[in-house]
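As written, the chain order gives the labels A, B and C, with residue 1 at the start of each chain.
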Amino acid sequence: MTAYVLHLAILAGIYIILTVSINLIIGYAGQVSLGHAAFYGIGAYASALMSLHYHFPFPAAALTAMLAAGLCGLALGLPTLRLKEDYLAIVTLGFGVIVDLVFLNLEITGGPDGLPGIPPPSFLGLNFREPWHYLILVIVTVILVLIATYRLVDSYHGRALRAIRDHEITAQVMGINTPAYKVVVFTLAAVLAGLAGSLYAHYITFINPETFGLHTSILILTMVVLGGMGSIAGSVLGAVILTILPEMLRQAHAYQELIYGGLLMLLLIWRPAGLLGRGKLSLKFLKRES
Amino acid sequence: MLTLKSVQAGYGRLPVLKGISLHVRSGEVVTLIGGNGAGKTTTLRTISGLLPPRKGAVEFAGQDLTRLPPERIVTLGLALVPEGRRVFRTLSVTANLELGAYHRRDKSEVRRDLEEIRQRFPILKERAHQAAGTLSGGEQQILAIGRALMARPRLLMLDEPSMGLAPRMVTQVYHILAELKAQGTTILLVEQNARAALKVADRGYVLETGRIILDGAAADLRDDPEVQRAYLGKGYQEVWE
Amino acid sequence: MFFQQLINGLTTGSVYALIALGYTMIYGILGLINFAQGEIYMCGAFVAVLLLATGKVNFFLAVALGMGAAALLGVILERVAFRPLRGFHPLVPLISAIGASIFLQSLALLLFGPNDRPFPIQFAFTTIMIAGLPVSTLQMTILAAALGFMGLLIVFVRYTTYGKAIVACALDRDTARLMGINVDRMVSLTFLLGSALSGAAGIMMAIYYNATYPRMGLLPGLKAFSAAILGGVGSIPGAILGGLLLGVAESLGAAYISSGFKDAIAFAILILVLLLRPQGILRGRGD
């Protein structure tokens, strides 16, 4: 039983990183990624391949994962982020489909069979084979990510960025390059998703394309909306609830996606600000315009 | 016919109309003049239902308009020629005119009105199949007026019909208004061009920062030194020479 | 070979164009993308296939009911997922529509299972020679039907009062209301038309590929969206042109470049268009 609780805690930690990263995109760009699972997957595969083929130690593999996901995010964000909100959603959705195809069709990714035997991390003389130890690694990473996010949100740049988001035209008139800022934030979010992928790969030690499909992107999005778009604390809560809840409702497994889809719609209609309401990153625009 | 009683309205937290009362009697041409940001357009948006008032009453022919949406208000016989003309640019001139009569069910009468309006404004017949966006500013203004007339309004409201037009076109537009007046059309005319508006109107109101500061017969307003100074551009010469 | 690929491309392209019309019309009037367009397509196919499988309904009635069901679903979807969220930031209805899309997909999965269903009736389609080139009558029929539906839509939008009213709403919502046009009703009508066309597209593909399944709408939806962008979102001729071009590009790309990544071609085109000419080939809103 404790082993199971540990397992859920580790997964929840990984999802927290993913939800926080999507929330950055929502909060700073007013856009949403539907291909976040693809960045997650790219991170996982990059990290796994580096450890399997080049025996990279975990920190180096994780860095490669972040770099790979970040580069893809940059390539995707550049053409799209200066356009209307809907474009990024569709482009990232398409990106997710393509990445899924790539994982399935490439030889190096093991096709549908995936990659087994990914080594658990061991560095600085520490061994993270034990779930307890791994949980500590995840918790430390999550805390670092949260601190970094809060610092970004509260920093001078963060506040400026939000001001830009709310008054984009003014900012553009003043000569501030708003799309460039959005691209930076989007890339950062992809980097974080890559990090989450690396943590996942070295924990489960086996990955296949199934984990990184559209349903995972939707799950992450549901977590964010449940907790509250724009609220970092909400992201944490949403991730924890939706990691635990499906486990408690095992018999409802077949209905999982149905529930997520319905939840997304109903939440937005009844409580668009999510469970925790409006946080620092919240969009002014969650309010109805008069 | 139309009565506004202490109407307040605004956008978001910003109040624009701070209690406006005015009325238009049947057969009258009434003008509402004032500078930029005085609330002229807001007044017309409030009457036509695009911006529901916060307080006060708007009554037309004994009916309360305050809770009605614009698509209902137009059926009562109130038509607005909006600021900036707002013709449907990609639709043909004829389609624009037809949409003016969208709410009418008397289709044979609509056809007759269409013919009549094309006769009155020959340019609309010449350009019948052209996209409205390709017309010149003045032609678009004529189209917008024709479109509003297609609704067979009992009260025609115009928002700055001379804005952005060449002087020759302004003359033409005001010629049309004088004709409509001669036919007995009831008109509420909003203008920054006070000189032209007061020439055609019977009565006028002067609006300043959301309040009516002056009202009276058009001729009296024309002679009012305050109006002359602020809106008719007279007096500058005296000051500067 | 080239000719055959061209015909293949035009056939699938005409179906993409039908779906793209739905995207573009809804975008034109609401300024939003209906994420669940692919599920409406799927719904049309399922209703027609299930009705035909009973053996009690003739083909044309099944098509009509399939399109009708898709249209109804579109109208309901607008009421549930879009209308209550009007006035919020566009991200909110967007995510709500994503929710609707997932919901409908998984509902179909629960109701009908994951497997492909063959089309219940067999047609006597053959290959005939036209000017020395082999032409499949199935492809010709689909192409003709799709073009026919497009023609009907264009006639409706250009020449009927409701059609013009829809355009008026797309161009200038406030002024349309001043004409006495009920914008909500026009939005419903737009969803109805766009969804009926997507439903028809779904039925065509169910016949063409002989497969109907819950996730069938995902890729065509994505591709049709790319087609709408390619043509200039908001433009009706643009959606048609974009759909046909995309279909041909995909078919030629699969034949001459790589068939494994056929589905990636539309996406690559989307990215290219967004980079080079985000307003599309024919720009427009309400034409």
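Keep this in mind: a contact is a pair of C-beta atoms (placed from the backbone, for glycine too) under 8 Å apart; a residue touches a chain by one contact, two chains touch by 3 or more.
It should be emphasised that the depicted structure is a prediction, and the values quoted were computed from it without experimental measurement.
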item	value
Chain closest to the middle, measuring from C-alpha centroids that were averaged per chain	C
Of all other chains, the one whose Cα centre sits farthest from chain B	A
Interchain centroid distance [CA atoms averaged], chain B/chain C, Å	43
Chain centre separation in whole Å, for chain C relative to chain A (CA means)	31
Separation of chain A from chain B, taking each centre as the mean of its C-alpha atoms, in whole Å	54
Overlap residues in chain A, where contacts from two or more other chains coincide	none
Chain C residues counted as touching two or more neighbouring chains	none
Interface residues, chain A side, partner chain C - complex	26, 30-32, 34, 79-80, 83-87, 89-91, 93-95, 97-98, 101, 105, 214, 218, 221-222, 225, 229, 254-258, 260-265, 268-269, 272, 283, 285-289
In the complex with chain B, residue positions of chain C that touch it	161, 164-165, 167-168, 171-172, 174-183, 284, 286-287
Sites on chain C touched by chain A in the complex	32-33, 35, 80-81, 84-85, 87-96, 98-107, 109-110, 218-219, 222, 225-226, 229, 260-261, 263-264, 266-267, 270-271, 274-275, 278
Contact set on chain B toward chain C in their complex	48-50, 69-72, 74-75, 79-80, 82, 86, 88-91, 95, 98-100, 102-103, 147, 151
